[in-house]
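Report on one structure; see the data block that follows.
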Amino acid sequence: MTEARAVSRFPVPDLADMPDDIRSRILAVQEKSGFIPNVFLVLAHRPDEFRAFFAYHDALMDKPGNLTKAEREMIVVATSNLNQCQYCVVAHGAILRIRAKDPLIADQVAVNYRKADITDRQKAMLDFAVRVSTEAQKVSESDFATLKAHGFTEEDIWDIAAISAFFGLSNRLANVTSMRPNAEFYSMGRG
Amino acid sequence: MTEARAVSRFPVPDLADMPDDIRSRILAVQEKSGFIPNVFLVLAHRPDEFRAFFAYHDALMDKPGNLTKAEREMIVVATSNLNQCQYCVVAHGAILRIRAKDPLIADQVAVNYRKADITDRQKAMLDFAVRVSTEAQKVSESDFATLKAHGFTEEDIWDIAAISAFFGLSNRLANVTSMRPNAEFYSMGRG
Amino acid sequence: MTEARAVSRFPVPDLADMPDDIRSRILAVQEKSGFIPNVFLVLAHRPDEFRAFFAYHDALMDKPGNLTKAEREMIVVATSNLNQCQYCVVAHGAILRIRAKDPLIADQVAVNYRKADITDRQKAMLDFAVRVSTEAQKVSESDFATLKAHGFTEEDIWDIAAISAFFGLSNRLANVTSMRPNAEFYSMGRG
Amino acid sequence: MTEARAVSRFPVPDLADMPDDIRSRILAVQEKSGFIPNVFLVLAHRPDEFRAFFAYHDALMDKPGNLTKAEREMIVVATSNLNQCQYCVVAHGAILRIRAKDPLIADQVAVNYRKADITDRQKAMLDFAVRVSTEAQKVSESDFATLKAHGFTEEDIWDIAAISAFFGLSNRLANVTSMRPNAEFYSMGRG
Amino acid sequence: MTEARAVSRFPVPDLADMPDDIRSRILAVQEKSGFIPNVFLVLAHRPDEFRAFFAYHDALMDKPGNLTKAEREMIVVATSNLNQCQYCVVAHGAILRIRAKDPLIADQVAVNYRKADITDRQKAMLDFAVRVSTEAQKVSESDFATLKAHGFTEEDIWDIAAISAFFGLSNRLANVTSMRPNAEFYSMGRG
Amino acid sequence: MTEARAVSRFPVPDLADMPDDIRSRILAVQEKSGFIPNVFLVLAHRPDEFRAFFAYHDALMDKPGNLTKAEREMIVVATSNLNQCQYCVVAHGAILRIRAKDPLIADQVAVNYRKADITDRQKAMLDFAVRVSTEAQKVSESDFATLKAHGFTEEDIWDIAAISAFFGLSNRLANVTSMRPNAEFYSMGRG
């Protein structure tokens, strides 16, 4: 019954009606994951926005860099829960569990990262990510200094900020579209 | 490794050193659940507070009444996430999944109950629970009228408010003691 | 005319209809105080919650410990005014005046404890109590260090946090029930 | 001992050193009240600001108009407590008790006017005063309509807004100067 | 068309009907500026308040002192934008551009003074002005110490606080009266 | 002197060192505008993010649709000022003045759109844009109904939300990079 609920409060196109590049990307994800994460279907309603969104996503989440894949997901999960974004917490919580190979970490980071089984360096990273998400206007050189004292580089700091900012966009879209998390995500990586 | 982390930043007494009534209660819970939820161990540091806390808990959560057991847990989960209480979201999320026989509901209610697979009546219940948790000083007769329009009685409204208020206490204690959720809770009821 | 106003927006039982233990407690308070503080009447509507509430209250407010009785009342008064709880500010303000033997202290602490005639140590105590009341999720070891620098022990810190948390519960119940402060409290201890 | 505490963290001039008009006003107040309210001494440090402040005060608080003297004081007390201004809550609380001939009203209005023994019309007045104090940028025609439905005129609405705004100024000055309420105010009008 | 819009949602008297002193002041301003800033017309509806308002204004903005005229306007512009006061940001932004002989400074300070082309000392001044505007109850000796480390005197600190507090009053009046900025202000001083 | 200040606190590549597609886009903008808006230089530090950012920007701001170009800029200006983003308010304020052919509108909308010379329909659009920016988690069907009553379609609502969300990302990046508005923007379109 649950699964019959709408994926989006906006129209979702049929795969057959999507532009080729979008359908291809979606089919590739489906092949890899075994299902189509709903964010792909929801954003396919707007092909140009779909392309830009995932290009941005990939530029931040898939590129090389000092932040581990798990750390990037921690940023998503911690900021998305403050923004009360169901899709992002559930979907990226699953990815975080898998990336970190830790079944407990996502729920810990989502609810209160200060109490999570992560390093002090990671807590400093999340302090900054949350600051960017909630009061970026107050970011100052002292924030940079704190992060550098934990070993982060200038480029790492850009990455943390950009991931926090990008998922702030994603969180708002998900809340306005009532983007529904796929049932698969809830139990993924729970061991 | 994870399990070796402290259950509380305050001392936790050995079972053998606890007063009889407290040890008995804990052993009964352990027998029923298969493990000892850490809240029992953390609060056992203060026997009189332990007794009052669980008496209050039972008076609200175990008594007869119109609110279902699952609905009471929804109140706990929704308000505890706003208070960023890791223990309460994880532990009561598990109980909610079991009470509601629904593996998805707890994460949905925790992150944004407005998008959860629950009834409009339950959303109104949670609107009120959140209002009590965050701005009880503004509660007025119009809140009572809204709830009554959804079929809640005066006694139900007291129950919603009292559960929200009691877990506000619990959330604050858990955050100050760094009460650690048992690993068992994370996957319970996920089907 | 004022006195004819309702003590609670919920039903208040007659003394004769209350369970014996509750009636006894209320009569004992009345004998000692000369009147029945309304919190007893309001909560008597729910006998099990009454018992748990006062057991918790007594465990925190009447037990031995390093915090003086006046200091415990300061915590109640400062946090209850931020929660806009009329009953708790008026009733515990009266008790604070009496405990501290100071007719000015309660109003000072209620409105802005930073400007009150109290010690720096007491201001640090109230800084922490307010933090627990408003953002317990952010409590960290640096809060503990600050309090210890003022001479508070770990057990004192638990006490401060628990009193703040318990009266957060009380404040919410009082606001939802429109619990009315007895007229007697307003002028008690004003010298 | 209490009375030896400083009236202001800034210098307070001797009466003999004040300009004639300021000394005269202060002596007149002293003759009428039996003591010199500290706000006069604190602001005498800045004679031009003293003159403008009391001219503004008198233009709002002493002029004819539909708002009773007690109602004007209610506005001061309710908004000043939200601004955590000890001087204004204590001093104007005293004046409110006297103007309203009600020993209970000031503490009720200060802590939570929604639960005070005042009329619905007065509660609407205070809703608006608080809105002006905390989010004046959102005031709209619907606020005017609500107030008019309670019988307030356009001129009354200006009065409410101006009193709220003026005491917002006063509250900030009092907090920055650590303006100390005179001991006399605490018990005045308590019957 | 724009200019036909109302200057105030309250009545604005004709110059001919104003008391002589008010008309004289307004004509003097008009002669100097080439137009009548609308704040004069809006407040002329209340002659006594007009007189007190401008006496206060002049006592803070025109008096000698260490703060430059431009620095005083920075305080007005930074705090008024946080209060979302269209009149004050637009009118005092114009004055700031002229006082500072800098066409860019007003927009910079209005939106985020932390990124403006001003000195660190001026940023510390605005940090304090904003704190007075938004949380004066928390001002403490450490704020005074920070300002003194930047070379501000006790009297300068009073000035900063008083300007912030006075324009908080002005901002609220402007928002409630829908005080319209004159079209002339928008382009003044833009070079 | 002002112009010598850094465009970004992160490195800015020389045009000659940029990938061809990025340099081409920048040169095209320069030819059209007469200068290079700094956002292009700041983001060129990250070519993939540059491409995704401007693809997203164009998909929202340049596409056909019911919202006029000026209305889209209103959304940017109103939400960016709440996020205290100097670059976006100054740069998009200039574009808004040009699109709307109105020299006053940008400052009005930035500071308090509720008082701007825009239609009620546009104010409803901005109410929603601000809600998405500050509390998207609470967006509900009643928001959609309000917008539809003003004639907005479902697709328009997506556009408003997406523009608000995208510039929330932009605002955060600009604040973290200290993105400096070009001097040219301040006076553009002021007539």
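By written order: A, B, C, D, E and F. Residues from 1 in each chain.
In the analysis below, a residue touches a chain if its C-beta (ideal position, glycine included) is under 8 Å from a C-beta of that chain, and two chains touch if they have at least 3 such contacts.
These figures come from a predicted structure and were not determined experimentally.
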- What's the fewest number of moves from chain A to chain E, given that each move must go to a chain touching the current one? 1
- Proportion of interface numbers common to chain A and chain F (over half same, under half different): same
- Message: Let me spell it out: compute each chain's centre from its C-alpha atoms, then which one is farthest from chain F's centre?
- Response: C
- So, what's the distance in Å between the C-alpha centres of chain E and chain D? 23
- Message: Quick check: how many Å separate the C-alpha centres of chain B and chain D?
- Response: 43
- Item | Per-residue multi-chain contacts in chain B, two or more chains | 84-85, 112, 137, 175
- Counting only chain pairs that touch, give me the topology of the graph as line, ring, star, complete or other. other
- Note on the structure: Touching pairs here come out as A-B, A-C, A-E, A-F, B-C, B-D, B-F, C-D, C-E, D-E, D-F, E-F
- Query: In their shared complex, at which residues does chain F touch chain D?
  - Reply: 112, 114
- Contacting residues of chain E [partner chain F, same complex]: 2, 5, 80-81, 84-86, 89-90, 93, 102-104, 107-108, 110-112, 115-117, 175, 178, 180-181, 183, 186-187, 190-191
- Where on chain B does chain D make contact in their complex? 137-138, 140
- Task: Going by the contact rule at the top, pick out the chain F residues touching chain A in the complex.
- Result: 10, 45-46, 48-49, 51-53, 55-56, 58-60, 63, 83-85, 132-133, 136-137, 139, 154, 157-158, 161-162, 164-166, 168-169, 171-173, 175-177
